[in-house]
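I am attaching a structure below and will ask some questions about it afterwards.
Residue numbering begins at 1 within each chain, and the chains themselves are lettered A, B, C and D in the order written.
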Amino acid sequence: MSIFVNKDTKLVVQGITGRDGSFHTKQMMEYGTQVVAGVTPGKGGQKFEGSVPIFDTVAEAVKETGANTSVIYVPAAFASDAIREAVDAGCRLVVCISEGVPVNDMAVTYKYVKERGAQLIGPNCPGIISPGQSKVGILPAQITAEGKVGVVSRSGTLTYEVVDQLTRNGLGQSTCIGIGGDPIIGTGFLDCLEAFENDPETEAVVLIGEIGGDDEERAAEYIQTKMSKPVVSFIAGRTAPPGKRMGHAGAIVSGGKGTAESKVKAFEAAGVRVADKPSDIVPLLAESYEPARKALEGR
Amino acid sequence: MSIFVNKDTKLVVQGITGRDGSFHTKQMMEYGTQVVAGVTPGKGGQKFEGSVPIFDTVAEAVKETGANTSVIYVPAAFASDAIREAVDAGCRLVVCISEGVPVNDMAVTYKYVKERGAQLIGPNCPGIISPGQSKVGILPAQITAEGKVGVVSRSGTLTYEVVDQLTRNGLGQSTCIGIGGDPIIGTGFLDCLEAFENDPETEAVVLIGEIGGDDEERAAEYIQTKMSKPVVSFIAGRTAPPGKRMGHAGAIVSGGKGTAESKVKAFEAAGVRVADKPSDIVPLLAESYEPARKALEGR
Amino acid sequence: MKVHEYQAKEIFASHGLPVPKGEVATTVDEAVAIAEKIGGPVMVKAQVHVGGRGKAGGVKYAEDIEAVRKHASAILGMDIKGLTVEKVLITEAMDIDEEYYVGLLMDRASKSPMFIVSAAGGIDIEEVARTTPEKIHTLVIDPRYGAQAFQARRLAYGVSSDPAVVKGMTKALLTLYRIYVESDASLVEINPFIKAKDGSVWAVDAKLNIDDNALYRQPKIEAMRDLSEEDPSEVEAKEAGLSFVKLEGNVGCLVNGAGLAMATMDLVKYFGGQPANFLDIGGSSNPDKVVTAMKIILRDENVKAILFNIFGGITRCDDVAAGLIKAVEMLDVPVPIVARLTGTNEEEAREMLKGTKLHPAATMDEAVQLALELAGEGK
Amino acid sequence: MKVHEYQAKEIFASHGLPVPKGEVATTVDEAVAIAEKIGGPVMVKAQVHVGGRGKAGGVKYAEDIEAVRKHASAILGMDIKGLTVEKVLITEAMDIDEEYYVGLLMDRASKSPMFIVSAAGGIDIEEVARTTPEKIHTLVIDPRYGAQAFQARRLAYGVSSDPAVVKGMTKALLTLYRIYVESDASLVEINPFIKAKDGSVWAVDAKLNIDDNALYRQPKIEAMRDLSEEDPSEVEAKEAGLSFVKLEGNVGCLVNGAGLAMATMDLVKYFGGQPANFLDIGGSSNPDKVVTAMKIILRDENVKAILFNIFGGITRCDDVAAGLIKAVEMLDVPVPIVARLTGTNEEEAREMLKGTKLHPAATMDEAVQLALELAGEGK
């Protein structure tokens, strides 16, 4: 098991012929993801890497190949349209990698996706990987390993850092998901925590938050009231000055809200251990999760 | 029983202090409709006719009085906002009398109402009356009588004409509803036919259509496949020239579509008798509805 | 309300749609001057608010100035389905390779705007829909979200794989949607949307109908109204808040409510007569409206009798009676009047009409039959 | 992106909001001329992109021209939180009776725009929210439908029963929503929205923040950008596609990804050091970016060591290594560089960096500790 993507994921890549799209499609194919179609308007009829059919529209791609999931690598100005196109064509899961999507567009797109019962991950996210099954997005697969720890994060490379440490310590992952750093994202911590809680394969969860918003605070409450599995967290941005956007559009402390302190406090109040630095995550996990303890001891 | 309005209808009147609003509110109160509140922005705190409290907003009216239904008499330019306000405030049924609402506004308003699970009757309609229980709108109550015939119509005064003939022939009505003559209306023939079919008190239905659109054709199909109760129809506009809007924004034969012939043909093909003139409706009803036959004989 | 092709094209062009060069002329000399300015072959197109102007000879190709002069002379002043051509559009003649239809209208069934696209452009789309419906591609737009680029693109790919056509049509569709919303349209259409021999795409014709209910907030478009294209009686009626449509019979009808007005016309026909008009005095009760309505009906010399059919709901019978009495006093009514007033305040009305020369009637059937009799035509 | 009060007011006024007369001045003489044109008492208001200008003495009431001259002299050139005041707005002083707050912003929790209204206007709204949250009225707007008149009216009635205030505020809220949508704003606010002693209502202050992600389609607003209000290094970074924020420490950080960059800064602090900056080189792999990033970091003389922390995903380690090698070649780098490159193409990168004077590190902890040691500050 795993959450959101698995062996049955049949992927259509929107923007498959672009620089990033083509690079990462090759990586996904090498990993074993079922990439069944690509979409680039005007290139319908061609083949990607000699094997993946390219279509002008997602509707056609879904109709011809039965794709159930889409990943988007188009420029930000076209990302909202691409998300809506994928949902309209029947994709149940849409992963939007594109960075820089206007937030007011996303507010409407979010409604569009929800109303049609689909799920969006991102935008501005690294995607999702269920090791050994399917990789959708840009996460570097070589640092992951099959296993039972779920990882959810608002960051990209910081996720890799943490996943890398898990793997090096012998802790494989059920699914690693980067939900994105924008103020409005399709899938939040709560959705992922609920899915991990319900996934029989997942035994523990690592949550990586950052400054801005109050998603971590709400996640803390959820963990305290609804989760049975151990969760360890890390919050980035303790040294970030207020009023400054730290790269991510959503990572900003404003009006005294969204501070790392508030998030750490919320997690600690909820009984969730918070790591002071990324390398503390595995040791903290060992306190409540037996396999982590054994893995550390075995080193 | 009855459909849509009954003894439990607690009405808020939007535009209660206007010329039409005040006139018809008095008529509704005289009839016995539970008019619990009125709304006119800026007149909050006053009383209508010394008894009905007036509020600035529908939200306040609903909160203070428990109104569950709204009737709207505001100018067309404000009607869409009034409908949305009523639905947002929690009214489950909204009856919009106002005529001249822009159709593109109504397309959006229709979605707004549906999405919130409420029901809209109209706009540009005479409203609805369940004789002996509640009158909401402008239908002249004195021509109605309690009984078991359901009446649904796209027209206003033509409805009165038909109801008057039913009453004069001893055939009372369960509910009479004027759905309005605009291209986009909240409640159509199908909604009403389904409600009449499910209403144990209604034994027969009179449907009054007119040129334009294909609602009558779809009603004919519905009656044929889903209805057990006898239905008699009348179609206005057999002499209307094509391409000309006949008063109602929706009453127009264009591109060879929406002709009276097409509608008559559809009803006849569905086994629904179509009256050649309004005075033929009761005699036709007598052919399939025993109480009508007895009523005619008894005269 | 309809606007002329040249006006619609101005609106289209201001939104960035590719429209062939052209200007409108009201005289032959103007037409020639415009053609000279454009240079090369042009089209001379009658600007009238009716369909089928092409078949009626109102659209001509002019190879040279001589031909422009000839065609403009013939078309200006021409009568097309009862309307006199007052203006011609002189516009660049395009070297057409492919013709498409692209349009957007309010679809009653889905209660939403709907795109219509076809590779069978340049001809009557209703005819295409009737004979070869498979050539028509439609797509319903959710008005909460508006038209999406992917929807326009999908429609365009449905009729062409030519990149220039797909790109141009996608843009055209999205632009038409914007125009539709911004101008409160009920229909906006380009027929034909063409690909020229050089590969470029153009909106060669343009149609834009506006929702009358929204004109109050469209002052710029309302200013485009061409009253010479409308029946003066209908215009006068509309200004007075009435709905009037002229017909060919001799029984003038004055009714409250559109449905009842149609039913009254139908009943005149049923009893062997012919209605002279459709007239709905509308939902309010202003006596002046009745006066105006009478004036409009009496302007028609065919009218031999007038039939009032009023069922009072929001309209009060006493108001109508007051208007009727006022009208009879003010106007010299040369024909008999049958009055059937029932519903709200009918007793008051009956009282008011006593002692007048009006012929009362109790039912519709009776009223219509009496009117036909008085018009000398009763069965 | 932020625009100045005077620019926001121009936008507000163009949408029909009541804005007091006023113009912007860059010199004292201009300020005086504007005040003379306005006549009567005016406000002299510093135009800077920071909050709290009032407390800093950047907003003054001027009874007469002498006072205008005095205050403009004092405020122009004033330093407010590190920014020099280059412009003052000279604007009609209103006779204030009541002060309200009206604003609209993107609410993350509801993922929708949200109105905020309060009768406690004229003061810091965040302070009001913190101390007397019951004075704040909010209303989430469904972006598919936009702001509804009834919603604006309901909010207005929530803070006032004065007809002029309700009417003016209702209109102001609907207009703010339109401005918000049309200009791709993330925040738009009037604080205070006032009722004057004569009963009229006015937008006395104006704030408009634009979503940077949407600037590409807001050329008119982008043209309002005042670069003198922004840190030149941050501007240069943004132009190169980097995210840079200057901090006070001595360890320059160059990281890919915002989360990792923050975690790196936090780790510097954790090990007892101070980061000199936040710098995210972003998600693509352009070697030139690394060069620009290095230049920006080296401009800060406090920097004693540079820490590269790259985890390759979409960014390829070999590209970063190439950029790094190029940067070191081009620039005379006077401080030690610690390079930790891992992830996509890390082997290629390791190979490329062999034989350079860079200090390699395998883990974040090791890299940070090494950098601190090299900066002479390690624990």
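Everything that follows uses one rule, which is that a contact is a pair of C-beta atoms (placed from the backbone, for glycine too) under 8 Å apart; a residue touches a chain by one contact, two chains touch by 3 or more.
Just so we're clear, the structure is a prediction, and the values are computed from it rather than from any experiment.
Think of each touching pair as a link: the shortest run of links from subunit A to subunit B has 2 of them. Taken together, subunit B and subunit D share the touching chains C. The interface with the greater number of C-beta contacts, when A-C is set against B-C, is B-C. Chain centres here are Cα means. That of subunit A falls 55 Å from that of subunit C. With centres taken as mean Cα positions, subunit D sits 28 Å from subunit A.
Here the CA centre of subunit C is 54 Å from the CA centre of subunit D. Multi-chain contact residues of subunit D (touching two or more other chains) are listed as 144-145. For subunit A, residues that reach two or more other chains under the stated contact definition are 108. The touch graph of these protein chains has some other shape, matching none of line, ring, star or complete.
Listed by label, the pairs of touching chains are A-C, A-D, B-C, B-D, C-D.
Taken together, the subunit B residues at the contact with subunit D in this complex read 41-42, 44, 56-60, 78, 81-82, 84-85, 88, 108, 112.
The touching residues of subunit D, when paired with subunit B in their complex, are 145, 148-151, 153-154, 157, 161, 163, 166. Listing the residues of subunit A that touch subunit D in their complex gives 20, 24, 76-77, 97, 99-108, 110-111, 126, 138-140, 143, 153-161, 164, 181, 183-184, 208, 210-211, 213-215, 234, 236-241, 244-251, 255-256, 276-279.
On the subunit D side of its complex with subunit A, the touching residues are 106, 108-109, 111-113, 126, 129-130, 142-144, 180-181, 184-186, 211-214, 216-217, 243, 245, 247, 255-263, 265-270, 275, 278, 280, 282-284, 310-315, 342-344, 363-365.
Residue ranges of subunit D in contact with subunit C, taken from their complex: 144-145.
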